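All remarks here apply to the structure that follows.
Should a chain be cited, it is by its letter among A, B, C and D, assigned in written order, with residues numbered from 1 in that chain.
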Amino acid sequence: MVDYTYTLLIPLIPFVFFILIGLSGHKMKPIVSGLIGTAGLGIAAILSYITAIRYFWTDHLAESGYKSIKAFEITWLHLTDKLTINIGALIDPISVMMLIVITTVSLMVHIYSLGYMKGERGYHRFFAFLSLFSFSMLGLVLATNIFQMYIFWELVGVSSFLLIGFYYEKPSAVAASKKAFIVTRFADLGFLIGILILSFNTGTFDFQLLTSPTGPAITMPGGAAFMGMSVLTWSMIFIFMGGAGKSAMFPLHIWLPDAMEGPTPVSALIHAATMVVAGVYLVARLFPVYALGAPDALTVVAWVGGISSLFAAIIACTQTDIKRVLAYSTMSQIGYMMLALGVSGYGGENGLGFMASNFHLFTHAMFKALLFLGAGAIIHAVHSNDMKDMGGLRKYLPITHATFLIACITIAGIPPLAGFWSKDEIMVAAWHHNKILFSIEYLVAGLTAFYMFRLYFSIFWGKATHYHHTPHEAPYVMTIPLMVLAFGAVFAGFLPFHALVTSDGMPFESHLDYSIAIPSVLIALLGIGLATAMYRKSNGLPDKLAGIWGISYKWAYHKFYMDEVYLFVTKKIIFGYISVPVAWFDRHIVDGFMNLIARTVQNTSNLIKNFQSGRLQQYGYVFVTGALALVLIFVYLWN
Amino acid sequence: MSIYDFMTMRHELILVCLVLLVLIIDLNLKKSQKHRIIPIAISLFFIHTVIGFLPAQTGELFGGMYKTTGLTILMKNILNVGVLIILFQSTTWLKKEENGEKISEFYILLLSTLVGMNFMISSGDFLMLYLGLELATIPMAALAAYTHHQSRSAEAGIKLILSSALSSGILLFGLSLIYGSTGSIYFDTVGALYSNAPMQVLAFIFFFTGMAFKISLVPFHLWTADVYEGSPVNVTSYFSVISKGASAFILIMVMYTVFHSIAYLWKDIVYLVAVLTMTIGNLFALRQKNMKRFLAFSSIAQAGFILLGIIGGNKIGMTATVYFVLVYIFSNLGAFGVISAISAKTGKESMDDYDGLYATNPKLTLLMMLSVFSLAGIPPVAGFFGKFFLFTSAASGGYYWLVFIAVLNATISLYYYLLVVKAMFINKNDTPIAFFKSDIMTRIGLFVCALGIFVIGFWSQVYEFIDKLTFAIIN
Amino acid sequence: MTGSIPLQYFLVISTLMFFTGIYGFLTRKNLITMLMSIELILNAVNINFVAFNRYLYPQNLQGHFFTLIIIAIAAAEAAVAIAIIINIYRNFRSIDVDNVDEMKF
Amino acid sequence: MNILSLFILIPLLTIIAILFTGNMKQTRVVSAIGMGIQLLMSALLIYLYLTERNAGNTAAMLFYYDAVWFPTLNIHYTIGVDGISVAMIGLTSIVVFAGIFASWMVDYLYREFFISLILLASGVFGFFISLDLFTMFLFYELAVIPMYLLIGLWGSGPKEYSAMKLTLMLMAGSALLFVAILGIYFYSAPSGSQLTFNLLEIAKNKIPIEMQRFLFPFTFIGFGVLGALFPFHTWSPDGHASAPTAVSMLHAGVLMKLGGYGVFRVAIYLMPEAAHEQAWIFLIMTGVSVVYGAFGAVVQKDLKYINAYSSVSHCGLVLFAILMMNQTAMNGAVIQMISHGLMTALFFALIGMIYGRTHTRLINEMGGLMKVLPFLGVVYVIAGLASLGLPGLSGFVAEMTIFVGSFQHTDTFHRVLTIVACSSIVITAVYILRVVGTLLFGPIKNDHFLHLKDAMWFERLSTLTLLIAIAAIGMAPLWLSNMINFSLGPIVEKINGVATVAGLF
C-alpha cells in the first residue's frame, strides 16, 4: 500500500492560511494577504498534481483497477457504540479528479482576483474567505465518511454564504446570501435525515463500507418501507435532496441566479466550477449504492437532472444579465451530469454514464470558470452586467474575446474541443438507457449552443455601443488565468477518462458513436446559426420572435415565477401563517394565562376584604359561625 | 413537699419577683426620673434570662397541675430571649415624652403576661391552662391600649379584650363539657378517658376554637390585624411572636397528649383550617400598606404554616414546630425591630415611606431584607430551614397536597415580601426617611436578630437539641 | 334530697344562658351590655362546672374550684374591659360598638 | 479540604473581599480576580478529574466528601462530581468570568451588583457539586433569588414587572420541586431503615411505582420551569429582556441549565420507571417547545427577545434529548447544555455591548453595524453560526449527537418527533440570518452610528473567552464527549435496566 498521508496537507494549508489572513489580514498590506492566499493555494495545487500523477500513473495501481485508499483517519466524535464520526482523507479516482479541478480553478481564481479585487474594501477578507472555501471544498472531496462530508458540506455552504454577501452593504447581496444559505440549508435537512436513516440501518458512515457491493448498505434487505420503496431507496433519495440543493437542481435552484450578486471570481469558483458540482460528486461518491441498492432513487436523479437542464436552458435563452445567463447554463450543465449519473449502470461498459458525468464535470469546470472569469473581465471593463449595455467589444478586449469564444464553442459541444467529448459520452449513455431523456438532451444541446452564442454575439458584436470611457483590456494578472483555462478547455477532452475514472475502477474501452455524435453536432451548429442570424448584427428579429412566443417567452423571462412561489411559501405561509400567530399566541395566550393567575389572586384579595370590616360584632359573628361550621364538619365526619 | 420543689417553677417565681421589684422601684422614682427604670428593668430581665439557662430540675407540682420538662424550660427560655430582644428594641420608643410616666407599666404588664404564658406552657391541667391563658391575655389588652390618647390604641384594646373574652367563654364551655364527660381536668386522665363521643368532640371543638383565637387561625383571626395595627409597635411584635409562640406550643402539646385518641378527627380539621389560614392570610397581606397590618396578616399566614407541624402528629412535627417558633421569633422581631426603630424616630409606618430606604439607612434595610427573606423561607437564612422541617413533618404524614398548597402560599407570600424589598431597594423616592441612629440598646436588639437569623439555620445543633427534648415528650 | 332536680335541667339552663350570652354579644350595640353578655356566658360555664361536679363527681372538687377561679378572673376581665371602655369614651365620645371601626380591611 | 468545597468558598471569600473595597475600580478588579481563580480552579478540576479517571478510578463520583449536617433527618453535606458535573462547573466558571468583564462598566451600586452576581454564581456551583437533595435544593433557591434584585435594580424596561414575574414563576416551579423532594425522601429507603437525601443512596432503592407516577411530573415540571419548558417559559423573554447584560448571560447561560441538569439527575435518575411511562407526554411538550421557540423567534423585533425564544428552542432540545433516555441522546443533551450556555451567554454579552452603544435593541432600527463595529460584528456572526449549528463550533456537535441518539428509537412516535426537532435547524437558520442580515449588514440606518467605538479590551476579553470555548468544543469534542459518556454509562444502564413499564409507545 502506498502512503498518501501528506494529502492531509492539501486542505490544511488553505485552512492555516485562512486563520492567518483572517486574524492578521487587516494589519498587512492588502496585496500581501492576497499573495499569501494565492501561495497557499499554489502549494495545495502542486500537492494535488503530485497526488494525481502518483495515483493514476507512477504508483501502478491501474493493474487491479483503481482502489480507494484511506490515506489518513482519526476519530473526531464518538456517537454510539457503532457510529463514530471520523475525519480523514480518502484517495480514489473521483476524489483525485476533484482535487485537480478544485485546486486548478481555485488557483486561477486567486490569481485573477489579485487584479480583479484591487482597491476593494476588505481585500484580505476576500482572500481569507477564498481560503476558507478551498479548505472546506477540499475537505469535502477527501471525506472518508458521509458525516465528514456533511460537516464540510455545511462549511462550504457557509463560505459560499459569506462570499455571496461579500458586499454586505448592498441589500441585494445580503438578501441573496441569505436565500442561498437557507435554501441549501433546507436541502441539507434532507441530507441529514438521509444520513440518519442510512447510518441507523447500516451502522456505519464509512464510504468504503457503504459502497462495497458486499457492504451493509447494498446488501440491506429491500422490501417496501414506504410508498413501495425500500428504506435504502428513501434514504438515498433524501441524501440526493441535499445534493440537489447544493447543485441547484430544479426545484431547489432558485438561489443560484441570485448568488451572482457575489464578486465574479467567486461565481466562477463556487457557483460554476466547484461547490455546485458537490451534489454530483455526492451521488458519484455513493454511486454503487444508488446503482446496485436503490435503482429507483437513481431514476429520480436522472429525471431531476433532465428536467433541470431543459428548464434552465429555456430560461437562459431569455435572460439579459450575462452572469445570470451563465448561472442558468451552469444549472443546465449540472443537469447533464446528474442525468448522466442517473442513466448509468455499475461496472465496466455500463458505467459509461458515470464516467461521462465525471468527464463532463471536469471539462465543464474548465470552460465555465473561463466563461465567468471572462464575464468578470468584461464587467470590469464596462461596469455593467447587462448585455444591453454591451456590444462590439471584440476590438477593445482581444484576449477576453478570444478566450470567451473558445469557451462558447466548447460548451456548444463542437469537436474537437473538450465539451464535445464529454457531452457525447453522456448522449451515448442516455441513448442506451432512456430515449425520452436522450431527446431532451438533444434539445438542450441545441438551446445551449443558441443562448451561448446569443450571449457571445450581443457582447462582442452587434451595435458598437459608445462607452463614456473606452473599455480596455484587463491586466495580465487577469488575462493569464483566462488563457490557462482556455488551454484546459481545448485539450481537457483528450484525457483518457474511461481508463481512469470509472464506476468500479476498472478501465474500459469507449469509442465515438458517430450515429449520435454527428446529429448532436449538427443541432449545436443549428443553434449557433440561429444565434448568429439573430444577434450577429442588431436587428428586430429577437423582439419579433419574443412576440411570437408571447406568453411562454414572458414565463421563461420571469423564470417561470419560481421565485414568486418561494416568496409566497416563505413570506406568507411560514412567516405570516405560522410565526406571527405563534408569537401572538405566546404573548397573549400562554403569557396571558400566567398574568391572569396573578390578577385573579389580586382580585380575590380585593373581593374578600369586607370580611375585615372593623366591626367587632361582625368578628363575633364570623367567630361563632366558624365554630359552628367546624362542629358541622366534625359531626359529619364523625358519622 | 419541700420548699425546694418550688424550684421547679423557678422561671415563674423569679418573674413574679421581678414584676414586684420593678413596681417598687418605680414607686421610689421621681416623675422626672421615670426613664431610669429602663436600664434597671432590662438588666433585671437579662439576669432572669441568663438564670433561665442554668440547669433546672424537672418534675411536677400540685399533683400534676404544673409540669416542668426539658421542653417547657427550653420554650420558656426561647420566649425569654424573645422578650429580651423586644425590651431592647423598645427603649427608643419608651424614652419618648408621651410615655414619661408610665414606662414601668409597660414592663409590669408585659412581664406579667409573660408569667401567664410560662404557667400556660407548663400547665398540666386545664385549670392551669386557663389561668395562664387569661393572665397572658388581660394585661395584654391593657398593653394594646397603652397609648391611651390615641383612639386607635383604645380601639385595639377593646377589640382584643372583648373578642378574647368571647373566645375564652367558648373555650370554657368546652372545658366544662370535657369535665362533665371525663370527670377530670388533668391532661393525663382526660387523655386516657377521651373518646369520640359527640359531647367530647363538641367540647374539643370549643377548646380548639379558643386556642385558634389565640394563635389567630382563620376564621378566628379577625381581631388580629386591627389589634396589631392599633397597638404600639413593640407591643405588636410581642403579640405576634411571644404570645403566638406560647399558644402554638401549648396547643400542640395538648393536641398530641390529650386529644391524640381522636387525632384522626382533628387532623382533618387542622388540614382545613391550615389551608384557610394560609390562603386568607396571604390574600389579605397582599393589599396592605401599613407595615404593622401587613406583618399582622403575614403572621396569620405563618400560623397556618405552624399547623403543618401540628398535623404531622409525630416527633418531627413537635420538633419542627418549636424550631419554627424559634426561627420565627428572630425573623419577625427583626422585621418589627426595624419598623419600631423607624416609627419611634419618624412615626412613619406606611410601606410607601420605606421607598428608597436603602440609600439612607442601608443597615436597617439589609436587616429588613434578611427578615422578610427568612419569613418567606428563602435560603440561606434560618426561615428556609424552619419551613423545610415543618413541611417535612407534614409530608411524613403523607399530606403531600397540603405541602404543595403550603409551598404555593409561600410563593404568594414571597410576592408581598418582595414588595417590601422592592420598596426599600428599587422604588425611587424624593424624600426618603433621613439617616438616623437608634440608641445603643435598640441596635443591640436588632443585631441579635440578624445574628439569630443567620446562625440558627446553619447551626444544626439547635435543631438537634430541640429534637432530643421532644423525644422525651413523644415517643 | 339530691337529685330532686335532675342534672339535665341545669344543663338546659346553662346552655340557654350560654347562647343568650352569645346572642347578646352579637346584637347589643352598647359595649357595657356586651360585657354583661360575656358575664352570662361565663356564668353558664360556672353552672355547668358546679352541676357536673355536684351530680357526677361528688368525690372531687375540681369543678368548684374552677368556678371560683372563673369568677375571679371574670372580675379582673371586667375591670380591665371597663377601664378600656372609659378610654374609648374619651376618644370616641360614645360607647356604641359600631363607632369603633377606625381600622378595617 | 476537599477541592470541591473551594468552589463555594472562593465566591464567598470574593464577596467578603468586595465588602472591603473602596471604589468601583477595586471592586471589579477583586471580583475579576476571584472569578479568575475560580476559572483556573475549574480547569484544574477537569485536569485532576481526567487524571483520576485515567488512573482507573471508576467510582461514580470523584472527590466524594460527606459530612453529617442534621443527623435526625439524616441531612448531609455531600459533594462529589462525575463527568457531567465537571463539565457544567467548567461552563459555569467560564460564563461567570465572562460575565464579570461584560459588566465591567456597571457604576450604580456596583458593590451590591457584583456581590449578588457572585452570590448567584456560588449558588450554581453549589448546586452542581452537591449530591444531597436538601443542599441541592438549598443552592437551587439560593441561585434563583438574587435574580430579583439584579433585574429589579440594574435592569431596563419594565424591570420590576419582569423581575417579579421571573422570581415568582421560578419559585412556583421550586414549589413543585419541594413536594417532589419530600416525597422522594420519604420513599428513599425501604420502610424501617434510615431515610436519606443522598442521591446515590436513593438510586440504590426503588421508589414504589405509584409514588413515582405521582412525583415524576412534579420533579420534571419543577425543574422544567427553569429549563424554559413550554408552556412555563414565559418568564424567560421578559426576564431576559429586562435583565442587565451579565445577568442575562448567567441566567440563560447557566441557570437555565440547572433545569436540564436537575431533570436528568433527579427526575430521570431516581424515577426511571415513571420516566419511561410518562416520557411521551413530556416528549411532546419539549418537542413542541423546540419548534415553537424557533418559530416564535422568527418574528421578534427585540434582540433579547429573539435570543430568549431561541433559548426556549435550544433548552427544549436539551430536555427532549434527555427524555430520549439513551446514552447518545443524553450525551448530546449535556453537550447541548454546555454549548447553548456558551453561545447564549456570548449572544447576550454582544447584545448588551451593542445596546450600550446604539441604545436600542430593535433590529429594524439598526443596520450596517458590521462597518462601524467590525469586532463585535464578526463575533456576532460567529455566535450566530454556532447557534445555527455550523460544524467546527459547539452547536453542531451537540445537535448531531442528539439527533443521532434520538434516531436510535425505532418506533414511529420517536422518529416523527426527531424529524420535527431536526427541522428546527432550518428555522434557526432563518431567524439567525434575519438578525445578522438586518443588524450587521446592509446600509447604516442611523447617522450617529457612524462614530461608534468598537469593543473595549474588557469586552474583547469577555467575548473571546466564550468564543474560544465554543470553537474548542466545536473542533475537538472528543475528550468532552468521552468524559461525559463515561459517567453516563452506569446511569443509562440504571435507567434502562429497569423492567420497562409499557408506556404509551
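What we mean here is this: contacts are C-beta pairs under 8 Å (C-beta built on N, C-alpha and C of every residue); 3 or more make two chains touch, one makes a residue touch a chain.
From a predicted model like this one, the values you see are computed outputs, not experimental measurements.
Among the other chains, the CA centroid farthest from that of chain B is the one of A.
Across the two interfaces under comparison, A-D and B-D, the one joined by more C-beta contacts turns out to be A-D. Here the CA centre of chain A is 37 Å from the CA centre of chain D. Rounded to whole angstrom, the centroid-to-centroid distance between chain B and chain D, based on C-alpha atoms, equals 43 Å.
The distance from the centre of chain C to the centre of chain D, with each centre set as the mean of the Cα atoms, comes to 65 Å. For this pair, chain B with chain C, the centres built from the Cα atoms lie 27 Å apart. Multi-chain contact residues, meaning those touching two or more other chains, occur in chain A at positions 609, 612, 614, 616, 620, 624. Multi-chain contact residues of chain D (touching two or more other chains): 168. Touching two or more other chains at once are residues 158-159, 162, 166, 170, 225-226, 287 of chain B. Of all possible chain pairs, the ones that touch are A-B, A-C, A-D, B-C, B-D.
Contact residues of chain D toward chain B in the complex are 69-73, 75, 134, 138-139, 141-142, 145, 148-149, 152-153, 159-160, 164, 167-168, 171-172, 174-176, 178-179, 182-183, 185-186, 214.
Residues 601-602, 604-606, 608-609, 611-612, 614, 616, 618-620, 622-627, 629-631, 633-635, 637-638 of chain A touch chain B in their complex.
Across the complex, chain A is touched by residues 158-159, 162-163, 166-167, 170, 196, 198, 201-202, 205-206, 208-209, 213, 218-220, 222-223, 225-226, 265, 268-269, 272, 280, 283-284, 286-287, 412 of chain B.
Of all the residues in chain D, the ones that touch chain A in their complex are 165, 168-169, 230-231, 233-235, 238, 292, 295-296, 298-300, 327-328, 368, 370-371, 385, 388-392, 396-397, 400-401, 403-405, 407-408, 418-419, 422-423, 425-426, 429-430, 433-434, 437, 440-443, 477-478, 481-482, 485.
Partner chain D is touched in their complex by these residues of chain A: 75-80, 83, 85, 147, 150-152, 154-155, 158, 165, 168-169, 171, 174-175, 177-178, 181-182, 185-186, 189, 192-193, 196-197, 199-200, 574-575, 578-580, 582-583, 586, 590-591, 593-594, 598.
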